[in-house]
Amino acid sequence: MTKDRLLAFSDGVFAILITILVLEFTVPKFQTGHLLIAMLQQWPILVAYIVSYFYVGTLWLFHHDYFQALKSIDRRLNLINLLMLFSITLINYPMALVAETLNRGNNGDIRVAFIAYAVIALFISGTFQLLYFYVGKHAELMSEKMKRARFRKSHSDPLISMVLYILAIVTSLFWVSLGAVFLLLGICFHFVAYLHLSNALGQK
Amino acid sequence: MTKDRLLAFSDGVFAILITILVLEFTVPKFQTGHLLIAMLQQWPILVAYIVSYFYVGTLWLFHHDYFQALKSIDRRLNLINLLMLFSITLINYPMALVAETLNRGNNGDIRVAFIAYAVIALFISGTFQLLYFYVGKHAELMSEKMKRARFRKSHSDPLISMVLYILAIVTSLFWVSLGAVFLLLGICFHFVAYLHLSNALGQK
Amino acid sequence: MTKDRLLAFSDGVFAILITILVLEFTVPKFQTGHLLIAMLQQWPILVAYIVSYFYVGTLWLFHHDYFQALKSIDRRLNLINLLMLFSITLINYPMALVAETLNRGNNGDIRVAFIAYAVIALFISGTFQLLYFYVGKHAELMSEKMKRARFRKSHSDPLISMVLYILAIVTSLFWVSLGAVFLLLGICFHFVAYLHLSNALGQK
Amino acid sequence: MTKDRLLAFSDGVFAILITILVLEFTVPKFQTGHLLIAMLQQWPILVAYIVSYFYVGTLWLFHHDYFQALKSIDRRLNLINLLMLFSITLINYPMALVAETLNRGNNGDIRVAFIAYAVIALFISGTFQLLYFYVGKHAELMSEKMKRARFRKSHSDPLISMVLYILAIVTSLFWVSLGAVFLLLGICFHFVAYLHLSNALGQK
């Protein structure tokens, strides 16, 4: 399989994933005449959708630039890619959990939902770390540009995000709001990681 | 990332978006033996679907011709594109709101639904305006054809549609039917904007 | 817009449409211990899905070969294509209607459902007829191969299917089973039309 | 139709299929304050999703490498491909059945669900066997690489998986757990078959 086809398939999965996230954002149940109030109470799903959309969007930007910089792919990389896409398909679930529990307002449930989101995010970052590790061991897969870029600081970015997500999980056990902050930091950090990668590869 | 890949990803998102709109158009609840009546009462979702399909379809035609005419893209343009696609994914929600409220027939709810549709449409046009603004400031991204075309009347088209949507929002507060007319005008105007762009770029 | 991009977008819409049809085919409601009986009662949705899948699949094969044979496209053809895709997105609805009414077994409802399916199919064939008509008037859009092929019998195929669907609608008013036969004949005829086209264009 | 377009369409269908599987994995119904327990009871859908995702993913890898190795395609191959994609779209249904019945815990229902999964898997492998058979009879469709590879052991792989699925169906009638083991073996075997093919074609 060529790199182009792997990228086309992955682009397809990303495009579908990012679009079906919005299917969770549906018309609320409402008493006739009270639509506005019912809509305003939907803020959790709107916020969860916005965050998750830009999370998946950033992962796509990253995924794309990274694979673009590879010289070739092999069968194991193909499998790692399938695992990575698998981990990202799971995002829909904790997004809906967070929205639902914020709506109901029970602290214990909210904690569970945020931890579930952080666990999935940790899993996703783990697959990116696996990708970095595997490609790092197989210099023959890298383009020259990537070889020159590999020792720069972007190299440990998946690890940093994993640490943030572990912090999110642990602190959520004691203080949910702080856990949520770490979770958000982790997600925002992916954007930083994308900028690192993009700069390291000399792309505009 | 190359322009081709951005276009392929965007085409994918548009294709999915335009297709999942129809998922709102489902078999009605009906008493056995009274299907026809139940179907006839579904006219609001049919109308809302038709309008939204051609709205998204027109945006796709426009998006495609516009990016086709760019010489290259940079990282910021990529982010603007993600924001633009985000705004368009939201269309599903007010489409379903309008259909549901027209079905129930409460004036207050219908007003809220139309305003929600106009707000999303305003947001979408805002992202197109941002695109125009950004590309206008970065002549190096434009093809020669686009440079020659840029001072023509198509330049302020997103602004005109934004004005129409603001009018739709304001008039809806007092007179819902007039608001709906402005909303429809705004949506139809996108088609005019597409013709402007297409003509300005000398495409058949 | 180039022909390639129109084809890629259309392929995307077809791929999504053909795949979301299966979303109607879900786990039945069943009393614990009685799954098998509940599944057997789902035969209407299975049959409706099989027919609709191969219907849309055939339309895709046809659409693809036809546009492949065009030399170029223009803006009006683009709009006709959007209208054609719109008509095909509607298939999901009558497919679900037919399955639901066959399950409930009320003759009047079944009649309405079959007529709805035939009306949508008539609309789809109408958009193909419009395509034939428009391209027939614009020889500059045709490849040499298509020009040589255009006067063969494939030329009136959409009209023949339209006649079959009109027969399906009219006979359904008096005798539902006969209407269903005409409907099936119309759908099967699309496959014949595809073979006509494919042979006329000299494709294997 | 060219091989590239068939592959692009098929990639699209695979990308959508593999992504909509996750739509079955939704927020559980739960009493406020008892989310965690409700989530833990969802293990059947998680397991069924993981297995089905890697099943479809493996089929995609296989499908892709196989068609890549063909020199050209003809109309009949196109139809076989549509049938193959059809069979794979059905996987969503028994996946949900298995999850639902494992959740309820009635042995008879679980048996029916596993048999349904095995029947669909048998159907899928049957379409692959049909593909092997058809291409085997039409050497003109094969690339040189494939001709050299065709007599190797990969040739009877679909048959082997069909035998495993038939064993799964028969043993399920008496001993569900053993049937489930055969079903899993069959699914894992697809991965072996992919490695066979990939090695036979000399791909890394």
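Lettered A, B, C and D in written order, each chain numbered from 1.
Simple rule for what comes next: a contact is a pair of C-beta atoms (placed from the backbone, for glycine too) under 8 Å apart; a residue touches a chain by one contact, two chains touch by 3 or more.
If you want to know which protein each chain is, UniProt gives these names: A, B, C, D = TMEM175 family protein.
Treat the numbers as computed from the prediction; the structure is a model and nothing was measured.
Distance between Cα centroids is largest for the pairing of chain B (TMEM175 family protein) with D. Averaged Cα coordinates give chain A (TMEM175 family protein) a centre that lies 27 Å from the centre of chain B (TMEM175 family protein).
With centres taken as mean Cα positions, chain C (TMEM175 family protein) sits 38 Å from chain A (TMEM175 family protein). Across the assembly, chain D (TMEM175 family protein) contributes 8, 12, 16, 20, 23 as residues in contact with two or more other chains. Looking at which chains touch one another, you get A-B, A-D, B-C, C-D.
Within the complex, the chain B (TMEM175 family protein) residues that touch chain A (TMEM175 family protein) are 1, 5, 8-9, 12-13, 16-17, 20, 23, 74-75, 78, 82, 85-86, 89-90, 92-93, 96-97, 100-101, 104, 106, 108-109, 112-113, 116. By the touch criterion given at the top, residues 7-8, 11-12, 14-16, 18-23, 25-27, 30, 32-36, 39, 50, 53-54, 57, 60-61, 64-65, 68, 198, 203-204 of chain C (TMEM175 family protein) touch chain D (TMEM175 family protein) in their complex.
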